[in-house]
Structures are given as C-alpha cells and as structure tokens.
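A, B, C and D are the chain letters, set down in written order, and residue numbers restart from 1 in every chain.
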Amino acid sequence: AAERYAMVVFLKGSEFFNWAYKGMIDAAEMLDPSIEVELQGPSTWDAALEARAIEQLIAKGVNGVIVTAGEASALVPAINKAIDAKIPVITFDSDAPASKRLSFVGTNNYNAGYVAGKAISEWLGGKGKIGISTFPGPAHLAERVEGFTAALAEGDEIVAIVNDEGGVAVAETQLTAMLQANPDIDGIFAAHGNPGPGACAAVRNLGRQGKVEIMGFDFGMPNIELIEKGEMRGTVGQDPYLMGFMSMILAYNANHPTEITAQRPPFGHVPPLVDTGVSIIYKENIGKYMSPPKL
Amino acid sequence: MSLNEKFRTITKVKNLGLLTTIVLIIIGMAIFFPRFLSPINIEILGMGFVQEAIMALGMTLIIISAGIDLSIAGVMPFSAIMVGIFLNNNFGITVSILLALLLSALVGFVNAQMINRLKVHPFICTLATLTTLRGVNLVITKGETVTGFPPAFYFFGQGRVFGIPFPIFLFAVMAIAFTYLLKNHKYFQQVYFIGGNINSARYSGINIDRFIIFIYVLNSILAGIAGIITASQYISANTGFGIGIELRVITVVIIGGVSLSGGKGNIGGTILGILFLAIINNTFVQTGAPTYWQEVVYGSMLLIAVFLEEYIGAKREGTGVLKRWREFML
Amino acid sequence: MINYILKIEGISKRFFTNKVLDDINLKIKKGEVHAVVGENGAGKTTLMKIIGGIYTSSEGKIIFDGCKVNFSSPQEAINSGISIVHQELSLVPKLKVAQNIFSHREPVNRLGFIKWAELRYKAKQILKHIGVDIDPSTLVGDLSVGMQQIVEIAKALSQNAKIIIFDEPTSALSEKEVNLFYQVINDLKSKGVTIIFISHKLTEVFKISDKMSVLRDGKLIGTRKTKETSIEEIIKMMVGRELGNLYPDKSSHIGEKIFSVKGFSRKAKFEGIEFDLYKGEILGFAGLVGSGRTEVARSIFGAEKPESGEVILEGKKVEIKSPRDAIKNGICYLTEDRRNWGLFLEKTLRQNIIAASINKFVNKRGFLKNREIKEKAKHFIDYLNIKPADDKILILNLSGGNQQKTLLAQWLNAEPKILIADEPTRGVDVGAKAEIHKHLRKLVESGVGVIIISSELPEIIGLCDRIAVFNEGKITGILEKDATQEEIMKYATL
Amino acid sequence: MINDKAKNSSQLIMNSSSGHLSRLKEILDTREIGLLLIIFVASILLSIFSENFLTFSNLTSVAIGMNYDVLLALGMTLVLLSKGIDLSVGSILGLTGIITTMLLQAGVSILFAVILGLLSGTFLGFINGIFIAKFRINPFIVTLGMMAIARGLSVILTSGYFVSNLPEGYLIIGQGKFLGIPNPTYVMILFVILFDYLLRKWGPFYKAFYIGTNPDAAELSGINVSSIILAGYVISGFLSGLAAIFMTSRLAMGYAQFGLGAELKAICAAIIGGASMGGGEGSIVGAFLGVMLLAIINNGFVLLNLSIYWQGVINGLILVIAVTVDAIRRARKGKSRV
C-alpha cells in the first residue's frame, strides 16, 4: 500500500503551518507521487490534544509523523510511543528535545528571538525603549523573549510586556494602553505572528507613525502588507516551507534505511538537527512572500 | 403488538437519538475502515477522552443539581502542576497525590461556599474561580512546564491493570460506582430533589448547603484526579492543559440528556455522550478527512443527535406542547 | 396543669421594614385540632413557617413539648416531630410519587442504599390509608394539582410527627377528597397527634376544629372554642365587621347563546364534551379531582391540542391553535396552578397585572404607557384589596391569597369576552371571595361569558346559574340552578 | 367595605412611595449604580497611580477595546433575558468577518459587502433561533454546535490564511474618527442607548422579561414566546456581525480566529451587569458597565506595568468582588438567587 505521512500541528488553520504543510506536500510529491499526506491538530492550543492526535495516528498506522510541539514535554510519551512502534517522528519549528524524536528541523526559537533583538537594537541605535507583546504559557514564546532580551545592547531597555492573549484585537488594546503609559517607547516586538497588525493599529491610534519601530514575527500576509506600507519595519522570517519540506524528506529517509547502518536502527539516515535559518524580512525582500501557497 | 405500539416501546428507550447516531457511525466506520475497531484504536479512543470522562461523572451530579462548574478547567492543570511540584520536592508519590487532591478539594469548597453564601449562580462563581486559578497556575509556573517525575508515578497515566490502561480501569470502576450510587443511594438521590425543586428539598429537611459542598468538592477532586492522570500520562504539567475542557465536559453531560435546568439525567447518558465525542474525534483521524472540516462535522453531528433525541422525545411525551418550554431552556 | 405541646410566646416577625407578625401568644394543647384563620396576608403562613423552622422569628420564643426550641432549619423541626403541608405545593415534579412522599426519609439498608420495593410498598400503604388510588410510580408532574395536594398530605403523614400543620390543604380538593381528609384528621387525632389547620373554608373549620384562633394584620385577635362561637363572630373578628351575603343574586334573565363547544375529545383524557354558554349566566364545572375539567379548559384555550371538536364564539367558528389565538378572540383562561402556569414570581405586582394584556398598554409604536399601567395596577390593588398595596413588590413576597388575587387581576385586565376561571378563589379569604363573586357576577351582567371550575360545591351552587358535572372525562349532567350537593355528587360519581 | 380597607392599605402606600426621595433611593439601589461606583473607585485609584489614565487618548483607547465586547454583551443580555445562552457569538464574529472581507477581496462593493456581512451574521443567529425557538432544543447545545460549525467554516473558507488587502474605503468604517473619537465608539454608544431604551420601554422587548421569568406562564398569557426568543438570537447574530465589521476594518484583515473566547467575556459582562443565568433579568447599561469594568481593570494592568502573570488572578478576584457587592445589594432587597 501507499505510504502515509501525517503532519501534526498545535493550532490548525494558521498561515505559518500552511506553508509548512505545502512544503511537506511538495517533498512527498518529489519523493514518490504515491505517498499520501494528511494534516492533523486541534483548533485550540492544548498540548494534551496534540498528543492525542499523535496517539490516534499511531493506532491508524501511519508511516511517519511530522510534528511541531506546542508544548515540549507533554508530547514526549506520545512521540516515544510512535518511535517504539517503529514510526519515525520528526519535529519541526518547535522541538521536543526530551523525546526520542529522530530529528528536529527548524530554527531555534531562542535564536529567532536573538536575531530580532539584534536587529531592533540596531534600528534604535542601541538606546531603544522597547515594548513586547506576547502571552504567557507556550514555552517557545518564552524562549523567543529570552533570546530577544539577550541580544539587546547595554543601552536598550524593555519597558513593558503586555499580554495579548494570542489575539490581534486584544493586542491592539493592550499595546495602545502600553504606548499611553510609556510615551518613550520607540520599539515594539511582536513575539508571535498575531500581534504585529495590532501593534501597527495601536501606533496609528495614537498618531505615532514613524516614531515607533515595529518588529513582527513570521510572514503572514497582514505583516507583509504592513511592511509594504511602511507601517512595520521588519518581521522575523523563519522558513516554514523548508521546514515542512526537509521534515518530509527526513521522515522518508528514516523509513527507507540503506545498507549502511544508521545511528538509530532500524531507521535510516537522518541528522539529529537541521537548521533552516532565520532572517529579518524587510520591504526590499518581501517579494517572494506576497503569494502564499494555496492548499 | 402493533407496529405503532412497537415503535412507541422502542422510543421509550432513553438517549435513543444519540444511541442511533453512535451506532450508525460505528457501523459505517467498521465497514470502510477496519482498523477502527482494532484493539489498539479502541484503547486510544478511550485514553483520548478519559480525562473528560472522569470529570463528566462529577459534572453529571452538578448539572442534575441545576448547577454548573466551569472551574474544573482550572483545577485540572492546577492539580497536575501541584502534584509535579510536590514530587519534585520529594514529598513521595502518595503524599504528593493526596496533597494535590486536597488542594483541588479546597477549590471545590470555595466554589460551594460562594454559591451558598452569596446565592449567586454557580456559573459566575465558578467562572471567577476558573479565571483566578488559570492566573494562579501561571504565577506558580511562570508559564514553564513542570517535569522530572519519578518513574513510579508513570503508573497513574500509563500503567495497566488486568491489561487495561489504569485510567480507563479507574474510570470504569468509578462509572459503575456512580451509576449505582446515583440510582440507589439515599445521599446521592438528594441531587434530584435539589435540582428538581429546591424548596421541596429544603422543606423535606435536606441540608442543601452541605450537599452543595459535597458535590462541588467531589467534582473538584475528580478534576484533580484527571489532572494527576494527565501529568502522569504526559510526564509533565503545564498551564496549557485543559484549555476549553470545561465546555467539552459540559457538552457530553448535556448530550447525554442531563438538562441544564436540573432534576433529570443519569450517568449512562453521560457515558454515551463521551463515546459520541470520542468517536467523532477518532473518525476524523481514521478517515484522514480534511481536518478543517472536523469542527463543522462535529457541530452538525451534535445538532443532529440532539434533534433526533428531541424529536423522538417529543413523540414519547405526547402532545404536552406547553410542558416543554421550561425543560429545554437553561 | 394543662399539657400544652406548643407554646408561642411573643413572636414577632419582620421582613425588612415590614412587620408581618406582632407579638403573637398562642398555646396549643396536645391532641387538639387548632384552626388558624384570618384574611389574606394576615400572617398565618409566616407563623407556621416560623414554627416549622423555615423562617426565624425576629422576637419571641417557642416552647415545644416543654423545651424551648430554636429551629434554624426545617430539618431540625422535622426531626423533633413537626411536619408541614405547605400552602404552595412543594413537590419535585420530575420524581415519582413514592420518592416525593419519602423524600429524604427513604427506607434504606445499613449502607444507605434505598430499598425500592419497600419504598413503593410503604407509599402505597399511606395512599391507601388516605383512601386514594394513585400509582406510587407515576411522576408527580403528571398529576393534577388536586392529586399533588393529596401526595403532599401523604408526605406529611409519613413523617410520623407529633404536630402536623396543614396550610390550606383542601383548597385544591373536591368534596370527596375533603371527606377523606376529615377521616384522616380524625384518625390522627385519635392517635394523639396535634393538628394546626389553616383554611379559608369556614364551614370546614367549624366541622373539624376544637379551637380556633384569628389573626388580623399580624396580630392575634383572639382564640375561641369552636363549640362556643359562630361563623358570624369569627368573620367579624377576621374582617372587623359583619359580612353580608356570601353569594350575589343569581341572574334574572338569560340571554342568547354566546359560546359553545362541540364534540371535544382527546384520547384517554376527555370525550364528547359539549356545552353552551348563554349571555348573562355563570356556568359551573363541577367534578372530582382529576375528572378532566382542567384538561377541557386548557384545550379550549389552545394550551393543548384536542383531537376533535370545535369552538363557536358569538355564532362564528373560531380556530384556536395557541393561547395567543384564544386571547385574541377574547377567550381567557385563569389557571388553577398559579405558581407554575400563571404568575411571574420574580417580577413585580405591576408587571404581573399587565402580563396578559401588554398589547393593551402600548402606544401605536409599541412603547409602554407607564402612567396608564401604574393607574391600572393601583385600580386592581384597591379593587381586590391586594396587600401590601405596593405595585413594586415582588409576587414572591406576597401571601398565597394575594397571589391569587393578582392572578385574577391579570386576567380581568385582559378584558375577556369569555373567561374560564379554574379555581379562581383558591386560597382567598371569605371577605375577598365575596367581593370576587360580586365582580364575576357584574362581569356577566356586562355581557362577558364566565365559566367557573371549582372543587368547592358551595361555591358552585351559590354562584352558578347552571352546572356541568364532569366524571372521568365526560359531562354526565348539566344541572339547573337549584341543584343540591347530593345531586351533583350523584352525577360526579356515577 | 372597600373604603374601609383602602384606609388600611393607604398607610402602606404612603410608606412605600413617599415621593421623590424614595424614587431616588430606588435608583441608587440599582446594580448599575453599584457598578458605576466600583468603576469610579477603580478609576480614581488608577488616576492616582498613573497620570496617563485620565487622558483623552487613553480613554478613547479603552473605548475602542470595549467596542466589540459591548456589542456582543448586548446580544448576550437579550438572549440571557429569555432564559437562553449564545455560545456562538465569538465564532459568528469570526465567520462574518471572513465572509465580509472575502467579498471585498472578490471585488464586491463596500456597501454591498457590509450589508451581506451583516446579513450573514443575522442569518446565523436566525438558524440558532429556529433550532431553539421552533424545535425547542436546548440553547446551550444549539449554540455550541453553531460555535463549532461557524469556526470550522471560517477555517475552511480561508484555509487558515489571513484575508487582507482590503480597500481603503472599508478601513475608514473602523479606523475613521469624528471629533477625535473613533467611529465604532459612536455606534456602540448609540446601540447601548437604543437597546437600553427599547428594553425598558418597548413592548416586544419588554415581553422578554416575562418569558425569562416563567416561559410557560408567558405562553399562557398570550405572549408569542417563540418569536421573541427567535428575535433575541437574530439580534445577537446581527450584533456579532457588526462587531466583525468593526474588527476587520480596524485591523485591516479577516482572520479565522477572530472572536476566539469572546463568548465567555460577553456572558461574564452581561452577568456582572445584571443579567441572570436563570433568565428574566438583564440590563443593557449594566452589561455596558460590566464590559467597562473589565476593560478598565485591564487597562490599569498595562498602565501600571504589572506582570502579565498576575492578570488572570486579579481578573478573577474582581469578578468575585463585583458578585459579592451585588449579592449584598440583593440580599437587602429580598430577591433570591441570580
């Protein structure tokens, strides 16, 4: 029968994961047109629900699982169970390092935050007063903020952190209030994909266009448009398409061992870590992001 | 027996609409996806919703009493986190679990006190505790995951008894006990009096305040147990556990025929409700249908099942057109 | 020394600023039947609820069986041997009769598990003892109000109390059940049980009580030995003056037919119901509890669907599918179950009075005419003497009789062409009752058709021009105005 | 005899309504005033601790944040009033936003897209209402089903993508200002005043109070129970649609996750504002103040730079305080459970 691979995400229906899934589809097509792929995942952010999806896939008997860990630890038993059942598991974007997963493909979230921190510090000449929009809970957000903080220069200062509850509309309210309370803020870091447009709206509300530099995260269309309009200075670009693409190839490799024994028999050759890189996207290089793949 | 009479006898069965829907799905799945009925899939199907199932037992009592408890979605991660912290501080497994359950019980006690003293609808009291607890969980963990439990603790989420996963075994035992107690035990029967007519309950000499404390504490403890099982199952504890679980639990209870206006319902219906939810969820993974459709299909199935239930129920109850308004409102 | 089982000393009760009981002193001997009478809102129910541990008194003390007691919950009162049959039915409709009778005192084994067979058996015994045949496994919600009242009595009997308080137990019972109830009382008395009995049916009070106490506006006016007093004296004590005729004169001329019902049937409920209503007459529906009067009325009103039958109003056939249709056509039905089907307990008096006629109190664009509403409310408060006379009070806080008056106001306000009133004077005091009767008569004289369903034969006989007698879902006879109780009973129990 | 009794009762009348003073007392004793008081105290405290609180621009930003929640809470109040609940408001908001923005993207004119968007929100509410009012299925289940369906459809329609690149003219609806105050704020205030007035004074709305208190008695009183219940859900759907228009226009995009979790906020605000889960009670101004209280507390959080980890705890405690204050007020008035 045809091989079947599944991608599991912690929040389905997000542009970011669509890029990744598209990468997976394209890679599968390239490897063997008979391969079937599917996408699974909860519609709310709940680590336990993601683990359930993996376990159900094991029961269903898929040939490989590509998963982004909404919560690193909670997925460990499910991932290990899959590996024990000889189903290769590749994590992408967010890792579950304590598990037996074969490989992680993605950008280290700390690094992504770090790159953003370096850039914004540079924009503000090392004397930035910075506000951050994030929400408490997910580990990868905490890592980004940690990396971000570490990259700032001596003279930079994080003035405020607000809770956007993961949404755009709340981000707008919260960031508007933040800018009110701290008129000296001249930089905003949106720690995930959503608050970027909220930050721009907040700046618009107070008529501070041009006085506050905004760093978004990921290249969702609204972010890209805002960069094009000049309301947002840049955004942290990871490469989800490549993540999905590479993960698929690795999962396939793992299922097709060669004569040369690999590190983790019975699986085939896979590297334990693939870094897909991270870069800041500016107005000059938004071109390729303007047309996200249609699923 | 005429056909008409036969039909009437059949429709007397409770939860017929739900039962029909479930059976149809199972048959359909079994034909097209043979793996659906494989032991491993059945086990996973059960394990996937065992937390909800355990909590639904308590919620059934609460809703029959015309109450509601949203705070379980805060208690469940709270208990997981607390047990983790206790374990990490070398309290030993038994003590850690007992302490976590004690703290969970405390939340239930606070809920009950607010309901009794302030005479405010449980929805709002428990919403307040839910919001507070979610915050408390964050404050305690700073959003980080609690890990590093001793392997002996894994038993509660991953161990087996008689070849059955422990959580499922535990649920089965509790479900049987609850069914029997609710049907036959004098103390548990009070729930029907309180939900059915609170004045009657009071005039009959039922100590309502004490009973409210009992069921809310019980419910919280069940949520605490679910939390401990979750912590053990995923060898970690995190504030993100149980987001939205309160709605799922309430849903299965209501699908199972317990009315939000209280006074009516049983455990059997709730178990069917769980089954319904678990099967719909598993069906999607099994068929590999586009997952985006899952919500839509789930919502539609929900409406269809309840519609069937009401439709058949209306036949069963005859023409009492007016009798029905209050029954089907909040 | 006389053996008083219950001594009430200086009891007062205040609800917020409103003093409803004022320094009540009362002594009740063991084994006596002590009646408490008084106008609506006099404080009878409140006093009983204090004795039963449901309310706590603001001042004073209660001495029960020689000891001072201070019940803080009904549970304590029940445990020490005081049971109450409440004025407002307090059963759980979704549970079975047997469960309701033994609620919280079910026979259990050592582990607390209910012995179902024994429960059913005991329930059956008690019902048999009262002399009614109700299956203990039926749901209480499926019983008529009258039957529920009997279940309520059974519940009190099952508690084996030393004192049983009956708060208007017979208001929903018809003659036959009332007689059964008298037997129960005699039986209890012979067993040495003390009985406190509240009723607005004074003949009944005279028949069964040993002593009676009269309350007025929260004060105890006096206590009399039943043998040494008269109805006139008691009424005078209650209302402060003498009352004339209890029933208005009957109609002198009957006009043309205004309303008729033809061939009304519903399986297992009623069959072939036919009757006509003429201008200027009051038609009475008599019958035993559960004889189908209520069902027929509800079906005419569109609250339930009959299987066959038609309704003709002023010569035209009217199509009635819902109460809305009925009310639009001017056919109104005053329910017998005011709490569940009639009143909006958590709303104010004013809101309740306009409930069935909101559309009459809005202007062309649908906005409420508040001044008019206020005036109308005041009118009815005065007219029916609803107490307290505060149109912003929640119905919940009114006495039973005043709630009933509110219900009546609600329907009078709808200005019906045909009014079917199901037990319209249930729980209303003698004075007010006479007023209501007068008003109903005036209504009829002004051209409104009135049908009265009543389980009180004297009321039916005293008020109605013609009487349709129901028996197991059929009309067994239509009697003219001079019918006697015996005649009616004959048709009712054919 | 009536004269005789009138004397008795006239005393009581005097007691209960001795002129304007008692009227004033009555007004002061309402929940709205209690809420205003809490809001007032919170505001004073905030303006002491942060000079930015009482600035025009901060207050407008609070108003903007309230906008969506207020619209949803209005609908929720109407629905709760008739003994129902609407869990689908958040996802109807999401779906309507998607439909409107996708229509715009497809080149439909702004006016048309807005009208169609509002219609689709109304229609979804209508479906809810039909199931509840005509088929008499429990509102909790129906709207829960709708919540899943509408959210699912939003995701399917967009497959998770943002809908962006909206015409400038559309953005004006939400982003435009008049006299320095954003357009949506005017609409919000207009709706609050309108609905408050209607609910107090207008027959068809007023009947909802009866339905919620005792639906069966309402039916027997000739009130068209099912139509009024239906109307509640339709209005709730419409208001969700309106909130969606404002949200998508302000943020210049449509997104399937818009309105996630908004239903609980709306219920919470409506109940703080005086609606009851048991039906038959509710106040539009109250709901508005409920949203305001929550918004001000949140604003305070940011202004005072408090740790985001404590936000949940404080929000929960505020809820407890609001509920307790009201419980005390109710106890004095002799009402039973909310």
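Quick notes
Here is the rule we go by: a residue touches a chain if its C-beta (ideal position, glycine included) is under 8 Å from a C-beta of that chain, and two chains touch if they have at least 3 such contacts.
Predicted model only: the values in this text are computed from it and were never measured.
Fewest steps needed to get from chain A to chain C, stepping only to touching chains, is 2.
When chain centres are defined as mean Cα coordinates, A lies farthest from chain C. Centres computed as Cα averages put chain A at a distance of 34 Å from chain B. The distance from the centre of chain A to the centre of chain D, with each centre set as the mean of the Cα atoms, comes to 35 Å. Distance from the chain B centre to the chain D centre is 29 Å, each centre being the mean of its Cα atoms.
Chain C and chain D have centres, each the mean of its CA atoms, that are 42 Å apart.
Shared interface positions of chain C, defined as residues touching 2 or more other chains, are 303. Counting partners per residue, chain D has 151-152, 155, 159-160, 214, 216, 219-220, 309, 311, 336 as the residues that reach two or more other chains. Looking at chain B, residues 138, 142-143, 292, 294-295, 322 sit in touch with two or more other chains. Taken as a graph of touching chains, this assembly fits none of the simple shapes: it is neither a line, a ring, a star nor a complete graph.
Chains touching one another, given as pairs, are A-B, A-D, B-C, B-D, C-D. Contacts from chain C toward chain B in the complex involve residues 54, 73-75, 77-79, 84, 86, 88, 90-95, 99-100, 103-106, 108, 111-114, 116, 303-305. Interface of chain B with chain C (complex): residues 184-187, 189-190, 192-193, 196-197, 199-207, 263-264, 319-322. By the touch rule above, chain B contacts chain A in their complex via residues 35, 38, 40-41, 43-45, 47-48, 51, 138, 142-145, 147, 157-158, 230, 233-236, 238-245, 281-282, 284-286, 288, 290-292, 294-295. Remark: chain C residues 15-17, 217, 239-241, 301, 303, 322-324, 326-328, 333, 335, 340-347, 351, 355-356, 358-359, 361-362, 366-368, 370, 381-383, 385, 387-390, 392-394, 396-397, 410, 414, 431, 435 touch chain D in the complex. Interface residues of chain D facing chain C in the complex, by the touch rule stated above, are 1-2, 4-6, 8-10, 12-13, 15-17, 26, 201-204, 206-207, 209-210, 213-214, 216-224, 280-281, 332, 334-336.
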